């Protein structure tokens, strides 16, 4: 491939774009459902998601557990067939199911999984994992020496040096951080343009998270990668991502420049999320009463999601309209590119708080 | 609705496929019932009677396999399993009907006892590791590796004999008639002791082992630690918390074992001349008695399918997680 | 006949609690795989099995007599000349056992191998591919599972006149794969959800490579345990078939010995030496295979492995019994122990 | 300072015995005072859970307590060593005096029994004379206390959401009104919103009922906000202990500092995140001297040879805090109580 | 509740001495079927039909040449050509329902067989059946000399007034059997059948045994165990090493008696296979077979009594039929003689290998089903015997069905098998040599001549014997048949069938024996009733 040339491609070039991406998982039924109603049900895991990944930029996707973040990543990696919507790679619509087309796609879009303990096959050495990553996409070179050089290069990129200390180890012989680096190296073996990192550090120990995040940032800059950074830790999105999108119950609720989203959140859900994050500077454990969650902190059922705005049952500022009309993304004035899908910002109703 | 149909279709298809195989497989065997009868009696039956037997069995008319198959299904839909050749002219349903209760009682009760006993010992072995119950394992494993029939024959040799309490064969005393009275029941129990013991000894180890392993696995679950932390009495932790949960995976095994009752212990019934279904099946096999073989296979097939269904239902009842909310 | 009751399927990794994620996963490295042999049970089983294998290979050469040769000592008890006594034809029972070992081992292992290959092909494929493939393969598995195995074997061997050991093994193998296929399918289903399978798919691996190189190595313990279980089943089946006289090869195996012994009422004549050794040989072989299976079980499930060590020996030679819920307290603390006042705890009333 | 309710003295816990033993907790000295929230922080594998389980003797095999004592001060009786209790006494002590809430509520609740059964069987075990009716009333009361409507009594654990299950556990922990509640990462599996709600509720209950809490987590920023005092563990030892605000403002141990600078802040200016270089130690092959020294940016000569003792540091505001670091040699070792 | 239990009186009966006899057969599960004509009925398998129903004559197969005793018939008069018979029926017999037994019943029984092919097990070609007074006149399409006992002594006479109401006599299970015998059915269960003595109305000697308890055991070994344990007192079963297995368990009472009868077992040789089409070779093989070894080792020294006469006829039962020229010719092991014979016929013995005149080594495959352990043992012995004259034999343990099929189709080299049996040696020789039964190789020959033995003389002589109208003609034909059999050796006789049984004298005495061979010893044969009538309580 032409990764070196690509690396010099202009930043901000759109690599991957999701347009109205939707995924409904049919609910698989068992014998025990024999006696219940027979309507066909589905988990509305992701609905109408728009997302743009650009070269040299990190987009963070934040949201609570089960909000559909991983599903978005897997859809983008084409690991799941999508229910609706489109995925465009360099502006071209793509839909691959398997075979060489999928390989070609995988060569450009790679994914990193949340759990480095689970994403490496315990029976294979690091060498095997990386060699396969290179071989599949034809980067292994012709000779042993080529391969060895490529492996050394890969490990070097993820700061696992000297390589011989790691190559012949099994995953369980490495620490979590090292494993996640190997997983990143494996993704890099395909020389992709876009990396989809699904909570790459949430399973790691606090003291080593930073190292991995810094590595990703470094790679972004050096290889001019487009990165989707999925996390439930909004604070890390502030530090690491250029742009942050907030997801709730399968829908995007807010997006914009990371600093703006975290410092002046617009959507009530984002505000709740930020208010809930631990804050050492706060003296008591009390919440700001205005940000009180009306629900029990429970996300809604995705099989039968609430009508209108999915957050309305919990929203402290819910209006009658919220339970009937699906909010559209509305631009917020304070910074360019900042939007929220909330009727509070609908013009006739008045511009927010 | 669609789902119920799908599930039903699954069971029906499995049953159909198995019954069809059951129909065709026995017919692959060379020979016919008449010849089998002649050879069985080694000279006691003159070759002159061959023709009369063909006429008797209705085998004198040539019929294609296919039309036999169609007839078979027609019969089945009328609940008719045909006439047995070995026990001509007894209907297969009668032959099965007289054998099935014995098998169900002997093997069924033994399987249940084996499961209960094995599981209880497994609970003890798994909970109090390193105690006497652990020492039981190698012994029972050894016995479970012994073929049933060998153990049975040894048991007869060692325990049955002139004036022994244990009769060597049969389901009850030859002078008795099956009835729920004080003569018959003790006799039936007495006759079932040795075969039951044989089955018990060779099957109990599996239950002990799987229950022990499940207990060990469950013992390290957090809720067990919590139960200890709650200061509950040890018995309650062991029974209501550990054993109750460890039992779940064994239930499906148990249901399947129930399904294998009929086909599983053929040889025990033979060794002890026990008037059960396994033994009947073997006679049918020897005599090329297609209707009987099919009938017994049908019973086995249905019992395995029903056992599967039971396993599903047992899970439904025992594991609240599989129950629907509301 | 018997249902293989290996507990493997009941300790499907990930079914239990998610505790101890940092525990080194077993079966993970090649180096660790040798640890399997260190398991005392497995080692014992392997040693016995090796003994049988050796006898299986050299048995016919070291047998003191031709097992079929008739002699003049009829139905004689064990003696220096005939260790296990003789039959009604004066044949040497010891030689019959030695020579018969080969057939038993051959059929057992061959049938085990055939059943294992089939169960892997069908179970893993069904589990990984899912959908229609899974439905039809599961259906096939269920149908085979439903048909009673031993009667089926009797029928098939009757069709094959004079079935050789190979054919008998084939028949046993062909009729006994379904249970393992079911277990493997369940295992594969749980493995398929694991991230590393998804990860290798995401990196562009082909389906067959994922099955062969990613899934199967992780199933080795299950496959091995299934194999061992089928071997036990096959040995018992072969012996049963020989015992009831439907397998009619002219060679010797332990079932043939039992067949003759039973036909001649060996026990009725008090000729226990004719009947007992073959049964014990079977039981010992079965036990050794079961022991190997225990070893595999413990190897797969670390909880079972550590469960074995319930008594630990301290440096001072005292043994400590491990109990769940009551951690042992050792008193040999290096620091002098300052004794606090110990009072009986008072239950406070619940208000 | 309030009177102590639980004193851990020189507690040592090993996994296994003999040469292969892993020393997971070493010479830990810690005092929990009445009514306070004591936070226990440290990275994964530092021995936090081992300490919590060890002091209640709930460690799973092959855990062994190899020394030390855990002195418990009942509200109105003489103190005694928990490690010296008989099984029967220990059973009576557990939950009535010290209750525990574990990380995963799903795994802490028995999946096959109803919530009500699991709540009332504690009562049955500790007070056999209590009537069924009052047991149920008490259970309902506890559920209401943690914000779950009483009609969920008949529910099975899987029918409740993660947050509700964790609340049930907290309610269950308080049902006998214990003096001490140990919480081992009670909220790490939950979302931040839920986490805050539950912790807020807990703090409120503590103020009402007056029990003490040992709160274990690796999330220092959470601890700072919710606890009174914080002890930081590294490699099986306590390396620093001080009031929460003090640690936040001015941690003395380089490891504590590292930990604090590993968390990106959500508010305020973007700080430089330093993190901690290297990877956590392997308990089986612990470095000599201070176990942190291979990763410590400030390591100097004594660090690799001698183990620093936990004690009052030589800093001016050293009162009420202790640290185990050669940068701040102890004036008064904690162990010499 | 216990008083109306069907088992109550049973328990009482047990108290005062043993008044029942326990009879066992190793015939497996039974279903209730008291139809005396159905071969698969429990009445047939366990033999109790002979206690319920009676034949016209009582024939003793141990002394086949002796005339049969009158039973339900006072007298049976055959025409000289044996194509018709006059049967005079006894007038004091009654059915167990009280009705009188008449000639009509006898005529009805024969008509029943005539009109139902399925019931006519011996394929008797009945002609006209007429009754006049107490005499029944029956005619046959062919001479019935060889079948006379099958008709008169082996046919159960059934009551017309019951059976004419039965719509399909072939498949009816005869739920409430009404017969003329001294016993009536008490109960049928899977464990067995219990017969109890009729209160009154039996025409003959009332047996002392009050109750007969029949049990069907799963197989030989279960039966043997039951005999050894005393759970069964009378049975017909092969008992290996009967001294150790059975007799030694109670040497005082456990006995075996197994007289030979006219039906034999021998090695059939496929005479179409080269070089076994050569009678010389077959004769030589016949000379080396060690029948004593087979008798003692394979047949436990009693089961198939050793055949000594070169004619293949058993000692005792066959004596009366042996041709004068073979009267004293005994089968002996004569290896040297065999070798000489072979040499003279152009065979060569090189060391241990015999080659035929064309120079090919002689090899033979002996085949029999695997489960028949006595046959298998016999084959092993024959194998070593043949090795002495250089014939390499292999023993093939075939599958039973396959074996049966192959033998019928002529697809075998040599096999040990039985012949039919009867009142004369005719059945034996017919099974082996009758050219009329022969079918081409590949077509199943169900009735006999499995070895495809082609001998017009033998075929003609067999026909002459069956159709002869005088004893002299019969003797001539029989001598001719035996000559062919001895000279051609189409089958090498080994042992005879027996009508033996194992019994216990613990409770009952009076069994037939060598000293008093008044009947055979099998509980399933017509004479079983005769035996029971002879039994006396042991302690009286």
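Letters A, B, C, D and E mark the chains in the order given here, with residues in each chain numbered from 1 onward.
Quick note on the criterion: a contact is a pair of C-beta atoms (placed from the backbone, for glycine too) under 8 Å apart; a residue touches a chain by one contact, two chains touch by 3 or more.
Predicted model, so just to flag it, every value in this text is computed and none were measured.
The chains that touch chain B as well as chain E are C. Of the two chain pairs shown, C-E and A-D, the one joined by more C-beta contacts is A-D.
Ranked by how far their CA centres sit from the centre of chain A, the chains are topped by E.
Rounded to whole angstrom units, the spacing between the C-alpha centres of chain A and chain C is 46.
If each chain is reduced to the centroid of its CA atoms, chain A and chain E end up 89 Å from each other. Averaged Cα coordinates give chain B a centre that lies 55 Å from the centre of chain D. Centroids built from CA atoms put chain C at 22 Å from chain B. The residues of chain D that reach two or more other chains are 44-45, 53, 58, 60, 90, 92-93, 96, 104, 107, 126, listed in rising order. Residues of chain C found to touch two or more other chains are 17, 19, 158, 244, 262, 268, 307, 310, 322, 324-326. On the side of chain E, the complex with chain B involves touching residues 1-2, 5-8, 10-11, 14, 20, 22, 28-33, 38-41, 117-123, 170-173, 187, 189-192, 194, 211, 213-215, 217-219, 221-222, 225-226, 228-231, 249-250, 263, 265, 369, 372, 400-402, 404-405, 408, 418-422, 427, 431, 446-448, 497. Residues of chain D touching chain A in their complex: 43-45, 147, 161, 163-164, 191-197, 199-200, 203, 218-222, 224-226, 248, 258-259, 262-268, 270, 273, 275-277, 279-280. Residues 220-221, 224-225, 228, 239-241, 244-246, 297, 369-371, 373, 377, 380-381, 384, 394-399, 401-402 of chain E are the ones that touch chain C when the two sit in their complex.
Interface residues of chain A, counted against chain C in their complex, comprise 74, 77, 79, 98, 102-103, 106-107, 110-111, 113-115, 117-124, 132-133, 136-137, 170-173, 183, 186-187, 189-190.
Of all residues in chain B, only 10, 13-14, 17-18, 21-22, 25-26, 28-30, 126, 129-130, 138, 141-151, 153-154, 156-157, 202-203, 206-207, 209-210, 213-214, 216-222, 224-225, 227-229, 234, 237, 249-250, 253, 256-257, 260, 262-267, 270, 281-282, 285, 293, 296-297, 300-301, 304-305 touch chain C in the complex they form.
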